[in-house]
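Following: one structure in structure tokens, then a few remarks.
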């Protein structure tokens, strides 16, 4: 909701978005759909085509900077700019930093000085915030914190499916995970980046994804490699997992666990003819969320197989959107408005669900 | 609207969709959004994942065939099937044929026998219906007809920008058009078709697109060539047009004409950083229509140039959706519910517009 | 060599190629370049554009079948056909089966009845030949056998780099390998197969590659997953390997081992700006072998890292050609003309080396 | 040839290559294969992986600059550098400038001061050299000139097929050409450039290709548009041509003309299953030239159609290599060693032909 009234007012968290781009615009809409929070402003660095969207959606527009000249540039271009970042910080409880990165530490200081809680995205390092977040891994550990970081799309994806497996066998022993991230090389709206016809390995090994998962779930032993491939639509993870002996699971049991896990979709590739990320994204378009987003991690049922202690599976990650609902939940953890992570997830997701029922 | 009541009833056209696929599902939603028509049923050939969408949207589900066994298969799979094609034909005024093609003539006979008006898509030949349609070219010529064909996405795109130019100069003389269609080789949800790394010429020359435009606007002299390229998201047309001498137009005048033409978007590529079809489709996702569709033809302002009698321009076509609103208008022409094509276009578009204002 | 004379005659193995396609034409050229073997004929199923190449290269042309009509079709098309498969079998010592697959068992019977030794390719299953081959894994085990199978391009690639690591630590214990094959979805000359913009997991898990490696080196414990991606030029393997504790290796030592391994190229990606399979293939074009082939497995030096007991590395596989020299070596094993695998490899490679020195 | 002796010496043109990259390395090999010219040196800006190739091929290596430090850097890296650009200019008759562009005018002055003839590539503008070249269009006009420019790959392609048509009808009247260049967006060895999934129009209209053709054949009236598409392997031209009335040609006659035109290959796409640029490049790999190059322009026979005065056709251009033999011919024109362009073409091509006969 954008506007709130009366007695409800006190309970509504006032949220600002610093950087109204690919992630920022999506977080804004997801927050706007909740009844316990509202968007009090979004920022752009300068008047640009992207301001149009903020205006049309009815979000108050601010300048990323405080300089008078920079603020004035907006009105010159015909946009009603409500002020600079300081003005925005003065009216919000929490700010979601969706700036393009590398300015994290500078921003954090501004937020702290203004006494505003802040959420960073996975482009920033754990060292900046010293706290990281995914809904299922460590909601309670983020209870009331002033600053956290929603991990990257890939790490969020790993957390979604690995945490429940970890939880199911943790009494028996540790799980040991081997993962390869096959990454889309550019986002759909980016026409400059390649490759057009090549596979590009990320030569720094292991890739950061495995260690990054351990910032939210240190108990999971995981290693990872990554490659970039010429597609724009999804990342895909190829995962091989060793369970502790005596784990007591079966392929069916694993599918059941994920079937009961929020924000995980399990579907049979051959029955539904969903044979690749192309058909997964087409399903997402049918579901009908804005931008054709898929917040859920997609697991191919017929690619899941537990053979003795080894669990194999593939999952697809919508890089532009799987972290969006996590940002909403993180706000509740920090603002201490919902202690139970599953309750927060349910509330978040219901507010953004479509006719499709999810 | 799906349900209508009372006195309104008489005025509401009852529309059926034969084939609830890529085009069918979109036409259904566009019709459903109008206040002068309603969806009375959509068909699927067999129980499949696609039925899910129809059910969730609340569209009555029918079987494409009349056989009892085929109909029963739906309930066996848990879907509430209302009957076969004959049952659907009994309760509709007009049927939009979105079947995958090659069954056109067989279907047309069924529709005629049932006394139901019908609209075919561009996959069928003009010879089948002997009448073709685009909103701007020949709405009035389709007034009250029993059967017509909404031309293909490419031909619709040509009609959108060429008809107003033709109209502007027709007193002076003819226009002569040279067009090359650079076609996306597969739709986004199709992972089987290639090429991955090649350009494929359509060796039948001229391609069917030029002659096809003449089925709706015979006065335009046009030739066309086509190639397929490894992208999934849009067709692009490279057009060179010779105007009659003494045409009185200028680049600015041409831009003004298109600025006033419905379902044409003119934007400056360098100012908006929309340099390719990738950014055009990203704009469409921001606009917020279902499936991220773009009903409008996109013209790059800075690619338009009139030099003496030669007009150059590029336009991008969203192959999955530009024909959708034309189907709605075609229903009004056939059902004689709106005589003025511009009024119909305005009514259609307003009903499916988003917060973006278009 | 294609023609041999005099006393040399006895020592020259007469080789036939059944199926002169992607693999067949390459094996023919590699055999032709050796001084201890000669091509006595190649087959095509029917007169076609591909016959042109055989004729121009001077390889006697035969029909894959024995029917008179089928043989006659070649002369009708202007090609000098020397006879049917039986005629070819009558004049060769060994036949390399490069037929498109699924006809393996039928062919094997014909070869056996004719008393001709045979080599199959990786498209056939191990069960057919009950013997599989890579030069470094099991040359001696194929000594004098009547029939073997050169494993697929991917399995050959795994064998090249894993066998020497296995050999280096086998006294200490077993190695355990986790591999993900990121496969090119279509060959460069194939414009029909997709996907254009998607990642496609191979849902049968584990993929056949791991088990397949064990047909030539059962001592290596390996599991594998596979995905197809929209590129035409190379497969890429992302490998994580657990060494036995006390292995005594280091990153440098591993690099040294591969530096001494035939048909493995180790290069530094950042120093040479070879950041993806695109630049690897460009290197291959510079090397100057026919078709721009790269028989060697390419390992990125700066992607190799041994951390405690875990070895990470990436390797690229030229799917069209890495098995070619293995076929030549396999002939020597079967014909008992060279017992030492390294000597055979050296002889094979020297005969097909270019000005580039490899 | 690299080395020449005795009385032949006087007749051999001493050729230098400034910039041993994509084009430079190919021109070097083509020159080296001729018996009336020799490579006296090639330059690199600094010691790099590319020097390796020059060394292995036996081409004397020079530094692009004259500074002692820059020259010394080569020996430090283990390469035998023969000196700077001045040293190279002192020993050559003609220098082929294959530098990456934007340094043309600076270079030209150096060449002039050294009294060395020079050839630039299509990346430079006609204004620099005031003379441009293709073998078939204006060999004689380049007779004895001190400086010329071999036009770009696309313009060379247009010249190859349009000049003979122009010649065939020039007595009757002018031809008027409409061309669209569908360009590969990046070369095969380039993994950084996109787009991955988009079509990108070149918004400057008309594109430079049409006007550029008129620098070698001003009599041809031509306009052009260009788009970039996500492929690496070839450009494709879609051409519509208006012949003067009374032209006397037919589709068959046009095919016959091109059949007799050097460096044009006409093949039937459906008979040979060459349906796209992928199969064309595969044919080139079979032909067996270095790098899998195709110097010829490929025309699809079944895409050629003359309907009244309108000629339609598609042609594919190997962007990396079609200009290579033109550089050799241009040397002969400038050095006045072969007056007849067809004789030069025949001599050039014979020297670089393969077992394939072309």
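Of note:
By letter and in written order, the chains are A, B, C and D; residue numbering begins at 1 in each of them.
Keep this in mind: a residue touches a chain if its C-beta (ideal position, glycine included) is under 8 Å from a C-beta of that chain, and two chains touch if they have at least 3 such contacts.
For clarity, every value in this text was computed on a predicted model and none was experimentally measured.
The pair with more inter-chain C-beta contacts, choosing from C-D and A-D, is C-D.
Ranked by how far their CA centres sit from the centre of chain C, the chains are topped by B. Each chain gets one centre point, the mean of its Cα atoms, and the points for chain B and chain D are 44 Å apart. Between chain C and chain D, the centres computed from C-alpha atoms are 36 Å apart. Note on chain placement: the centre of chain A and the centre of chain D lie 50 Å apart, centres being C-alpha means. In chain B, 188, 190-191, 195-198, 200, 230-233, 275-279 are the positions where the chain touches two or more neighbouring chains simultaneously.
By the touch rule above, chain B contacts chain C in their complex via residues 185-186, 188, 190-198, 200, 230-232.
Interface residues of chain A facing chain B in the complex, by the touch rule stated above, are 25, 49, 53, 56-57, 188-191, 196-197, 232-233, 271-273, 275-279, 281-282, 285-286, 288, 290-292, 355-357. Across the complex, chain A is touched by residues 178, 180, 182, 184, 195, 197-201, 203, 205-206, 223, 225-227, 229-234, 236, 238, 240, 269-270, 275-279, 300, 302-305, 307, 310, 312-314, 316 of chain C.
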